[in-house]
Amino acid sequence: MSTNANIANFNGQRPVIDPHDAVLLLIDHQSGLFQTVADMPMPVLRNHAAALAKMATLANIPVITTASVPQGPNGPLIPEIHENAPHATYVARKGEINAWDNPDFVAAVKATGRGTLIIAGTITSVCMAFPAISAAYDGYKVFAVVDASGTYSKMAQEITLARVVQAGVVPIDTAAVASELQQTWHRDDAQEWAQIYTRIFPAYQLLIESYLKAQQVEKDHEQLDSVRA
Amino acid sequence: MSTNANIANFNGQRPVIDPHDAVLLLIDHQSGLFQTVADMPMPVLRNHAAALAKMATLANIPVITTASVPQGPNGPLIPEIHENAPHATYVARKGEINAWDNPDFVAAVKATGRGTLIIAGTITSVCMAFPAISAAYDGYKVFAVVDASGTYSKMAQEITLARVVQAGVVPIDTAAVASELQQTWHRDDAQEWAQIYTRIFPAYQLLIESYLKAQQVEKDHEQLDSVRA
Amino acid sequence: MSTNANIANFNGQRPVIDPHDAVLLLIDHQSGLFQTVADMPMPVLRNHAAALAKMATLANIPVITTASVPQGPNGPLIPEIHENAPHATYVARKGEINAWDNPDFVAAVKATGRGTLIIAGTITSVCMAFPAISAAYDGYKVFAVVDASGTYSKMAQEITLARVVQAGVVPIDTAAVASELQQTWHRDDAQEWAQIYTRIFPAYQLLIESYLKAQQVEKDHEQLDSVRA
Amino acid sequence: MSTNANIANFNGQRPVIDPHDAVLLLIDHQSGLFQTVADMPMPVLRNHAAALAKMATLANIPVITTASVPQGPNGPLIPEIHENAPHATYVARKGEINAWDNPDFVAAVKATGRGTLIIAGTITSVCMAFPAISAAYDGYKVFAVVDASGTYSKMAQEITLARVVQAGVVPIDTAAVASELQQTWHRDDAQEWAQIYTRIFPAYQLLIESYLKAQQVEKDHEQLDSVRA
Amino acid sequence: MSTNANIANFNGQRPVIDPHDAVLLLIDHQSGLFQTVADMPMPVLRNHAAALAKMATLANIPVITTASVPQGPNGPLIPEIHENAPHATYVARKGEINAWDNPDFVAAVKATGRGTLIIAGTITSVCMAFPAISAAYDGYKVFAVVDASGTYSKMAQEITLARVVQAGVVPIDTAAVASELQQTWHRDDAQEWAQIYTRIFPAYQLLIESYLKAQQVEKDHEQLDSVRA
Amino acid sequence: MSTNANIANFNGQRPVIDPHDAVLLLIDHQSGLFQTVADMPMPVLRNHAAALAKMATLANIPVITTASVPQGPNGPLIPEIHENAPHATYVARKGEINAWDNPDFVAAVKATGRGTLIIAGTITSVCMAFPAISAAYDGYKVFAVVDASGTYSKMAQEITLARVVQAGVVPIDTAAVASELQQTWHRDDAQEWAQIYTRIFPAYQLLIESYLKAQQVEKDHEQLDSVRA
Amino acid sequence: MSTNANIANFNGQRPVIDPHDAVLLLIDHQSGLFQTVADMPMPVLRNHAAALAKMATLANIPVITTASVPQGPNGPLIPEIHENAPHATYVARKGEINAWDNPDFVAAVKATGRGTLIIAGTITSVCMAFPAISAAYDGYKVFAVVDASGTYSKMAQEITLARVVQAGVVPIDTAAVASELQQTWHRDDAQEWAQIYTRIFPAYQLLIESYLKAQQVEKDHEQLDSVRA
Amino acid sequence: MSTNANIANFNGQRPVIDPHDAVLLLIDHQSGLFQTVADMPMPVLRNHAAALAKMATLANIPVITTASVPQGPNGPLIPEIHENAPHATYVARKGEINAWDNPDFVAAVKATGRGTLIIAGTITSVCMAFPAISAAYDGYKVFAVVDASGTYSKMAQEITLARVVQAGVVPIDTAAVASELQQTWHRDDAQEWAQIYTRIFPAYQLLIESYLKAQQVEKDHEQLDSVRA
């Protein structure tokens, strides 16, 4: 067998993200819906969604956003999305729950001319999974960013992971999207990527702070407080 | 490959629920068996099962129920099932553990003339999984609502999820069933669907309450208590 | 030593609730604040708060409610409070965070002529703890219903429990309040009390359903399905 | 596709246990190894293993046991295994970790003339998974009873579940094995099967106790204590 | 200060159990109420309650049991209580929730002539706590066996622990009761006490099994399987 | 008894924070030590510590900071502390683990002329608890902000909570400090306090976003997307 | 009040460890009993116990050890105890469960001429708590190292914490013992103390490794791999 | 179907490790990155990684290591890797995140002439998963040691497990790698393998200690302390 018989539309290619073929879809990351998230701490989800937007900006990847009836209890899109991806396109829907059922949304995806979709959405089993399954059926290579999506229980997240994998979608976490897009630390914007990781694993911020201090102490020949007179 | 090589009986169709082809099977949701449920809080399960019944009613989908020896320690069906789906048909069995082994039950399914089964049952690995696997083997498209089923441990639920997926059954959560049936908020009964979601993620009820109050304050030019004289 | 040297204002009396001396204070149980609750599932808190209101009604105990700026993001009082305690008095504040800092609120308590306060509030460390500590300082016997209050973390709840106990307040859970008020099953409204317990430990509802069915089977000489021909 | 393209050796048959073709293999359930179990409470594992032995006895299924160097720190087989399956055959190995590498063990399996293996072993990823994968490769239909096996972490259990499923083994929980073997409550030994379930979900024992008491109260016209004079 | 200023009725004595002054009270350990227990696994509670009964038997301590309306949904006493303490006295109540409100119960305690009470009850905050607080107020030395009592949430258990400690009751776990009664391994019934510990920490049973096997191997000069030819 | 017999140095006063008498001590919140924190998610601790600094600024309360050998592996102070409290005074120590053992530190506290200390420190049992116990012994009223301190296990946090309470220190959570300092929403800087709460319970930020949107929709008579043509 | 009215035998002194008055008692840390530990991961307990032994050695504090029938299933003392405290004295008991009931043990304590006991023991509620309570009653200042003791459930640990606090014993965690003994980083053996902390919070080892590397990179002007040609 | 249709590059062979064809790749196990690990306790990960290195040494398997910019915040390789595998080859990269993108690394693998890769890396979804997927695509048989890799959340680990399985990689736990390499206890270095297991399930160390003591007691006819005069 080839290594990707269970993955939709890769046809023997290595099942990884090609940054030049990718579009990022951020679906229904809204203030109201975020109150229903229970499979991970909401601030973690918020950081992951913002990190995705930022990395798309750094990697020059198109971003398409949409919201489900933001005038009602679902609430407005969280502002970090467009703040971190100023180039993102917002597509208003007309009540369709599956964004892929909205012709404007599909048209916006097609207009990018790209064939690889990176999808995150809240709630996971609906706003992420429905477009992911639909797009895979329509011939796209699809990556589902499960931990930049949020849902009402850990069990619901696990069920959805199983469903999208069964449908040939590639599951991926936020850090892996970052690293597949970044590819190497040998690049001019390396520090900006380091900042992205601090949003995904916050201990990384502590590492940077401690690292810089340790080097500064050595450089300045600073004495330890405990050995001062 | 097509996107659903691992899914039974879809034959290249998009692996989603077609409301016009669907039947809902609610199996052995009984007061005694519910005492054994430990993979999720029992009241959550109870709400999910009731929500399924209600959404079938809204979406005009046939519902078939059954129970395992309700005269014994397993106890009676929880009343919410038939309260929320008054059109449901109850099929008594004769001791068969797998509902699909009961000819009356299979006949009731066939009589609907539909080919897509949405199945929930307690306990999950038995009352849901056995009919799901059996029906998939008999040519049905099967959706297993894992979080409207309940079982004796989280591990047992995870094992069962893996088993039914391996057998070509589509795993799905309660919210996704609702959204696949509802399809759009652009419908007259939108508020009734909103009520269903309050049973699946209870924070949604708070959202609605807060939303209505916020709008009322604006509409009535009501002053904040904290700025009253 | 006497048995209550660490309890404020009991002065050697048995540290239990005297229903004839008790007032129930339900403080800031609001739709917005409930979104911040993380020390217990929010629906559990909602059920406990409603149960307290109902048991006060059954036991003829005065209820005083209040809210913190319900015109803002904190949101409206959840409706179950007054639905279950139609005799409750609502006192509007003027921005004071500690309800005990509001003269109208204290006056309403004094007007009952009672000296024992049963207090629940959201969030626990503020809306419950501040009035509890203040009232104990002012000479009241105070019972803090920790699990009918909600707060932002389990740790915050534990800290608050330690603080109010240190201040001489008696900690109590929702079930214990019910039982101290009910006192005996030998009373005409026993079934209404049983309903209250189904809100506190939902398995009790299953017990009642199974119990009634088991007796009905015996009474009707109903045959087990599994032994039918 | 057929419903079992991912399952080894079923060749289009319904992927369920045929009691007439099944053998139960209980591997390395030893007192020392049980001290290393951390994916479930050890007493739960102990109950599940004993329940498997008992149900094999009730269903007339051959049982083969073995142990890994029981003279050393791994310790002796737990006694419940042979107590509940007096007909079981014990096969001593010569240090081979994979029981399937021991010719006597494989010979004992072959001697049964059966083609379906129900396997549990401690630790899961080794003592259960190695023989399961080996037997599937050798043409057996294999069911892996993941929650009657035990291992050193929940993560290790999850990894092993994924591995055996990938290899075409059917994952199953202890309750599902019981129900696939029992098939119906319409049988003379129904009460003995009920006892088996009390070992898998102990709340079932409470259900039976409460059920019998409720019926007895009705039958004896026993008065409630709370309404006695 | 003395070491027990916060403990009721010890008056400067070491706050430990004097087996010659102790009575064991087991209150409302009923099959129905056990379905509501969620602060620990129910089988663990069941084992602890049975272990208490057994240790009272070994230590010649009087046992008094009672139940709350066992003719209703609360269900019958679990049978292990009286099986392990055949000398126990059962006192029927007339609906009083606090056993200490029932004159027959208090009379039975007084009839023992002892002043130290070891109390366990389900649910903890009511059936254990009410009599414990009442008895401490009435001058008894009281030990509350929190983990041989069960209640509807971990939080409810923690609240109750704080309440009884505040009231001067000594909190204790099941193992500590055993060891305070046993006092020394230098006694003829040491093996019976060892059996009691297997009910409290089940790994102890594995230890005994492994220990005996290891000694037998040495005694019999049994060869390791792995070094057999 | 009075309500605060167990609280050090309040002498019959209500055991709450008097903002005019309070000093905030933030001790050893360093990038290296934060890697050892395991009793709460580190980002939560970081937010709480920053929130304390900010509220001291809003309430005009002196802030004193210090660090333990920041030139070594313990790492530098996290920058948020001084960013949010620009008026804070930093006191370097000479290796003393207990900040209260450093004369400069104690002198800085005394120089404020205040008698109430609000203390947070990492790690909790050392950097917070030692100065808290020492200061209480020296006559200060001490509030220990347990959830703005961090330590290596939940158990270590619980032990420390018990120890400081035993020593007469008042335990408090971050939200309660905020509310005791803020006192009322009827103040000009109310929105700044609201921002502080978003750092303590992040759902509050969602509440504000949803609230503003809901009011804007009403004000603008914005149509729901789902009812657009 | 003074700050330590609830603490036994401090009589107004600051309730901290005086290294010159302290003895370390390590009781029943045996290989068999360690299999029953479930309130923390056993390797963590093992590290904490060894760390206590080591810090006593560094601080020149007497150590007394004992074991409960190490010839039986309880097993031998773990070797790390005496390896890290070569100066420790072992006292054999004669079956007494409470080490304080053994005259030789009490005599060994008295022979040190010290009045402050630091006690850890497995299992916590028995082997640690009994001697702690007994010694407090006999006039010693007692510190109970709860997380260098182990027991069969988190609940049992919490109950025991409450019990010993109630009896006037000071609860303390392993890190706090280390820091109270070490007192300052301004000492020649500072690196040895740093090693002790790596056993209590293992992330500290990573901190040291990263710190040294960061300084070495600066000192050696080592180039980052990612900027090499 | 064959038993391994879902596994890359096995082509009908039994999907197990052939020690003679295997290479161990340990990727980016660095002190800084280890601070970000949250899917398992870091010391457990550290033990598993060291155990892998040791077992490769015992089994004569080549080991290749690499690190991601160890001169920066990611920190140095943990020293245990090369200490336990002195024969390991270290390959420096030039910033490539996917080790498989570094030609030297791939060349080192090819130079071994082996076709089976055992891969562990931190963080899991990147440092382990990228090379695993890449190598499977390039024709290698790949085993991913998920619990000797570490990542920032349990959810991220679960997503990665699903992704690598979907790509045809075999998931495996650390214990299973050990046992597949060891194969039998009938070998001269059996005790060294036993030591490896003590690093994977630390209770095994207790088992060995207790076992040896129990045999020594029997051999020496040592009397139990509790039966000494």
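All chains are identified by letter, namely A, B, C, D, E, F, G and H, in their written order; residue positions are counted from 1 within each chain.
Definition applied: contacts are C-beta pairs under 8 Å (C-beta built on N, C-alpha and C of every residue); 3 or more make two chains touch, one makes a residue touch a chain.
The model shown is predicted, which means the values in this text are computed figures rather than measured ones.
Number of steps on the shortest path from chain C to chain E, with steps defined by chain touch: 1.
Ranking C-D and C-F by contacting C-beta pairs places C-F first. Superposing the C-alpha atoms of chain D onto chain H requires a rotation of 90 degrees, rounded to the nearest 5. Averaging C-alpha coordinates per chain places the centre of chain A 46 Å away from that of chain G. Centroids of chain B and chain C (each the mean of its C-alpha atoms) stand 33 Å apart. Taken residue by residue, chain C touches two or more other chains at 5-7, 32, 35, 68-69, 72-73, 75, 94-95, 158, 162, 184-186, 203, 206-207, 210-211, 214, 217, 224-227, whereas all remaining positions touch fewer. Chain pairs that touch one another, listed by label: A-B, A-F, A-G, A-H, B-C, B-D, B-F, C-D, C-E, C-F, D-E, D-H, E-G, E-H, F-G, G-H. Considering their complex, residues 5-9, 11, 32, 35-36, 38, 68-69, 72-75, 94-98, 101, 123, 125-126, 129-130, 133-134, 136-137, 151-153, 155-156, 158-160, 162-163, 166-168 of chain A touch chain B. By the touch criterion given at the top, residues 31-32, 34-35, 41-43, 46, 67-73, 75-76, 78-79, 92-95, 202-203, 206, 209-210, 213-214, 217, 222-229 of chain C touch chain B in their complex.
By the touch rule above, chain B contacts chain F in their complex via residues 184-186, 190, 207, 210-211, 214-215, 217-219, 224-227.
Taken in their complex, chain B has these residues touching chain A: 1-7, 14-16, 39-40, 44, 146-147, 157-158, 161-162, 165, 170-176, 179-180, 182-187, 194, 200-201, 203-204, 206-208, 210-211.
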